[in-house]
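Shared between the two complexes below is chain A, which has chain B as its partner in the first and chain C in the second.
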Partner chain A sequence: MKFIDEYRQSDLALKLAEKIATISDKPLKLMEVCGGHTHAIFKYGIEDLLPPNIEMIHGPGCPVCVIPLGRTDDCISLALEPNVIFTTFGDMMRVPGSHTNLLDAKAKGADVRMVYSPLDALKIAKQNPTRHVIFLALGFETTSPSTAMTILQAEKDNIENFSVFCNHIMIVPSLKAMLDSPDLQLDGFVGPGHVSTVIGTRCYEFVPREYGKPLVVAGFEPLDILQAVYMIVKQISEGRAEVENQYGRVVSPDGNCKALEVLSEVFEPRDYFEWRGLGSIAHSGMKLKPKYAQFDAELKFDVPGLKVADPKACQCGEILKGVKKPWECKVFGTACTPETPIGSCMVSSEGACAAYYNFGRLSKIAQRSANSGVR
Partner chain B sequence: MTDIFVTNPLFERVERARRRTRKIRETHITLAHGSGGRAMHDLVEGLFLEYFKNPLLEKLEDQAVFEIPAGAKKLAFTTDSYVVDPIFFPGGDIGALSVHGTVNDLAVSGARPLYLSAGFIIEEGFPIEDLRRICASMQKAAEEANVQIVTGDTKVVQKGGADKIFINTAGIGVIETDAEISASRAAVGDKVIVSGTIGDHGTTILIARGELDLETDIESDSASLNSLVAEMLDEAEKLGAINQIHVLRDPTRGGVATLLNEIAMSSDVCIEIRENLIPVREEVKGACEILGLDPLYVANEGKLIAVVSAEIADQIIARIRENPNGRGACIIGEVKAEPQGIVSMTTGFGGTRIVDMLAGEQLPRIC
Partner chain C sequence: MCLAIPGKIVEIIDAENFIAKVEVGGVRRGVNIGMLDDVQIGDWVLVHVGFAMSKIDEKQAAETLRTLQELGAYQEEFDQFKTTID
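For the complex of A and B:
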């Protein structure tokens, strides 16, 4: 496949891996912030190629994983409202709320539909003028511009039966919160690719400046990620801490001005937004500006809005911060599996737990049988 | 008294009309077509019999009665229901699929499929023209697979009670060799063979739903595999190795990944596959890339996975490739002892990972 296979060549990967191994043998913990990277790391088995001194920590950049229980309950409550068509990206369907999930709500009669884009939700609203269509808006700056565009389009087309349940979040405040966390020990970051196409790379300057850590924005193909790791390790070995851009074919320093314009037209930061496992982070969530209140599902409907504590057994928080590895969680692979997830990290294919469960258990299984002498 | 009925020209005319070959005049299925009365007879005689014509069906009994062919050592029996949406798609339709799927379920036991039943659940208002198209396609598929549709049933449900048309087919086949084929027979050292490119059917259906605004030339691989299986068994028999064909399965829902997991678990072995060896069409790769799907989990309807001993693998592949449905056959991996119940894959990139069973539906990623 053109423009894809080039970034998946195993001979180049081996050369890069060798180069990484030669520049440093110091133990290094690097975090990939974005769930897309986590998925790719496991899907391609990138960790197998990295020298043993480099450990990848899987960060909080999976938007599904950081949605707290209370917000999921709100989704289900909205979906069950009479005469509502609730539209969502597929990943959210199986995320467990306190009691049930959207898939169950659908089975019980709620009209929940999977869409690939908010514009599809708007289309459904146009096709069903007697019903109200809610779009579950979710994700970092990768997806929020398309929600904003859809709201502008709905306004232009005078669509009255459409609203958005906004759960958009921002990468920079969450990155700051992570860096301020006392139990976090990281040596560098693989910065998010798609988010950065929108927000650019300049907004990460605080990471080296204030925290002294290198950050390299990377693409999602396996060679992209390996090269980013190489660039970070090189910075560390040369005593540098800078923001660098590996994903230059897509990301520019200033980002996508048009998308940023649309974002600031439609959204404003919330004072606080609750993150699953990470708690409340100031100015990390976005809501619709009062000007677009007519499209805000939280104002149109009576949303319970309750704060629900994460399940006790679930250690999503430590896993999202990379303090614990997925398999160190008490319920990993036993009570919590992709079939019956307790934590949302086990639902999305970008969640660290699901990635480990689906792709990565092999090394753990091998280790375990080696330790117990089973061969 | 009776003379009056026989001789009266009016009654004669009515009697002749009653016995005339039935024809359907309606353009759409109505509840009457499932009522058991005259309209249903019109449908059976004027449509189903026309397409599925064969001596067993023509008796129009409540069942088909047939002799078991000499040489049959065992019988194989299976059933499957078909609810595909859309009902017509590039490379096939629900009718052909309902024959291929059941024929394949029989074939992968090593059986020679003989007879099928066909049960239709039709939504009121369904166009007769579409039903004709479906029946013609079932008949063509049946002829190609050398099976007969010998008994059937029709139910009509009111609008909204079903989505357009559902078809159930059951099938009977005979096992005439000593082959022992089972998902629990994969043995350490065996080779894993796939009969061609994977993911074609599922990708076609997803795109044919038209919700994604994608256009491709991908077609479903929907096909009967009984001739291919028969040729494999023939080759193995010639080699005196009929017992070395251990597992045959068709990777339908859940795809190759789910199937290999079933085999690894039933046989208590590890199956190691190599991503570089797995044949996937460029268009399927591209569509899956855009949709966030993994071809390993996407359904196939005309592909076969075979686990055979290493000694006969090359000859078996050479023979499969002679069949039109097996041109792309190749080895994709082999059976190892440990870790039991696990499918692992060496990625094209050089790493390794687990290939687990599909959890829930294959849901797309959001970013």
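For the complex of A and C:
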């Protein structure tokens, strides 16, 4: 358990929090879009530092959390195909499908291997020419250029036994969906750090222009997040709405041109992609361009592609939309824990439920609302 | 899962395929540098899933390392970085 008093710059953090309190006492709902921010907010108890009028809403920026149940089932079905080696980042192993997860599939004999990088999956393909290697690609624009580069490498090296099950998603359409959601009245956004190293900050201009809301891109230190909150609240109190960049030491306005080039070389938007909790969002997912069809696992194999509803008890959808807090889910911390997750938000350490379970038990905010009977 | 770990370029091992040796916490592994312009030996980069995604300076690298350690995210990133498939 580590809260702000253990943070090396806790003095500065406390000062900043005080300053935030002095500029506005208007009730404000701010969403942090990135799962890394969610993790840091819980870890340092940042919500407890903020004045009571400011509420942080945890957004859909945890890629593992937003993969819908049906897609997880598809992964398991692909992993069980004969002669397949199914490769994935570790985060996905324990995400429950409708009946089982990848870890159990592995225990039952499927060849499922954790990899650090898509390039490692390609290496496995080279080492096993008689088998077919599928890489489960997931994540926002931080990760998708790496998949694109790997596909280009596979083409260059003439690798025929390698394909990608593509679940890459894009941040801008998901932001639009949050802004268009009638359930959610948000006042501003803490923009994602590393996604923005790739896509830059200009692509967020529509948020102030079309919706009149501020967005501030932030780094991962508690001070970064607090400073971003300060910048947002200041904008609101001065009647401004702009895109600002708190993480200028890493993020540039135009992003990484080379990464964007490979992205548009290899991928194109899907008409629709299904998100857990948020439903189907237009142009929010990526698929391989026809030119790279030979590397598309969805074309090479029979993928069930069924839409499966979440289990009744699971409130992940409401959590991901930011309309419910983890402790408002009936199975939170009882039937659903990081050891026995029912929903995806309890699996990844960036999921709001896991973050709250691991660090939030003492959170004053939770106690406050528990006492006032929100549960 | 969008976190990145800072490392130092110690050797260009395969210029044609953009592979460099990057050192993180005393461990070296191949990292793809194809997304960055003119990377030199001695440069610090942020590494995500085996790809260098941006250049940073040494001071930022040290700060980022400390943040990851404090977040409790360092060990996981580091353990993953260490796994090499040869």
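Rule of thumb we're sticking to: the second predicted complex is superposed on the first by the 356 of 375 C-alpha atoms of A that agree within 3 Å, B and C clash if a C-alpha of one lies under 4 Å from a C-alpha of the other, contacts with A are read in each partner's own complex, and residues count from 1 in each chain.
The rule is short, and it goes like this: contacts are C-beta pairs under 8 Å (C-beta built on N, C-alpha and C of every residue); 3 or more make two chains touch, one makes a residue touch a chain.
Just so you know, these numbers come straight off a predicted model, no measurement behind them.
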- [ ] Answer with clash or fit: chain B and chain C placed together on chain A by superposition.
- [x] clash
- [ ] Tell me which partner A:49 touches in the superposition: chain B (first), chain C (second), both or neither.
- [x] first
Open item on the list: Taking the superposition on A as described, I'd like to know which of chain B and chain C A:220 touches: first, second, both or neither.
Closed with: second
Open item on the list: Tell me the contact category for A:140 with respect to chain B and chain C: first, second, both or neither.
Closed with: both
- [ ] Examine A:91 and indicate which partner it touches, taking first as chain B and second as chain C; both and neither are also allowed.
- [x] both
- [ ] Once the structures are superposed on A, label A:108 by its partner contacts, choosing first (chain B), second (chain C), both or neither.
- [x] neither
- [ ] Once the structures are superposed on A, label A:291 by its partner contacts, choosing first (chain B), second (chain C), both or neither.
- [x] neither
TODO: State whether A:330 touches chain B only (first), chain C only (second), both chains, or neither.
DONE: neither
- [ ] For A:350, select first, second, both or neither according to whether it touches chain B, chain C, the two together, or no partner.
- [x] both
Open item on the list: Looking at A:338 after the superposition, I want to know if it touches chain B, chain C, both of them or none. Which is it: first, second, both, neither?
Closed with: first
Open item on the list: Taking the stated contact definition, name every residue in chain A that is touched by chain B in one complex and by chain C in the other, in rising order.
Closed with: 8, 35-36, 39, 43, 63-64, 89-91, 114, 116, 120, 139-140, 142-143, 194, 348-350
Open item on the list: Going by the contact rule set out above, which residues of chain A touch chain B in the complex?
Closed with: 1, 4, 8, 10, 13-14, 35-36, 39, 42-49, 63-64, 89-94, 103, 114, 116, 120, 138-140, 142-143, 194, 222, 337-339, 348-350, 357-362, 365-366, 369, 374-375
Open item on the list: For the complex, give me every residue of chain A touching chain C.
Closed with: 2, 7-8, 34-36, 39-40, 43, 61-64, 89-91, 114-120, 123-124, 127, 139-140, 142-143, 145-146, 149, 153, 192-195, 197-198, 220-221, 249-250, 256, 258-259, 262, 348-350
Task: Complex interface listing, chain C residues touching chain A - done: 1-4, 17, 32, 34-37, 46, 48-51, 53-54, 56, 60, 63, 66-67, 70-73, 76, 80-81, 83-85
Task: Partner chain A, residues of chain B touching it in the complex - done: 211-212, 282, 285-286, 289, 292, 338-339, 342, 344, 346-356, 359-361, 363-367
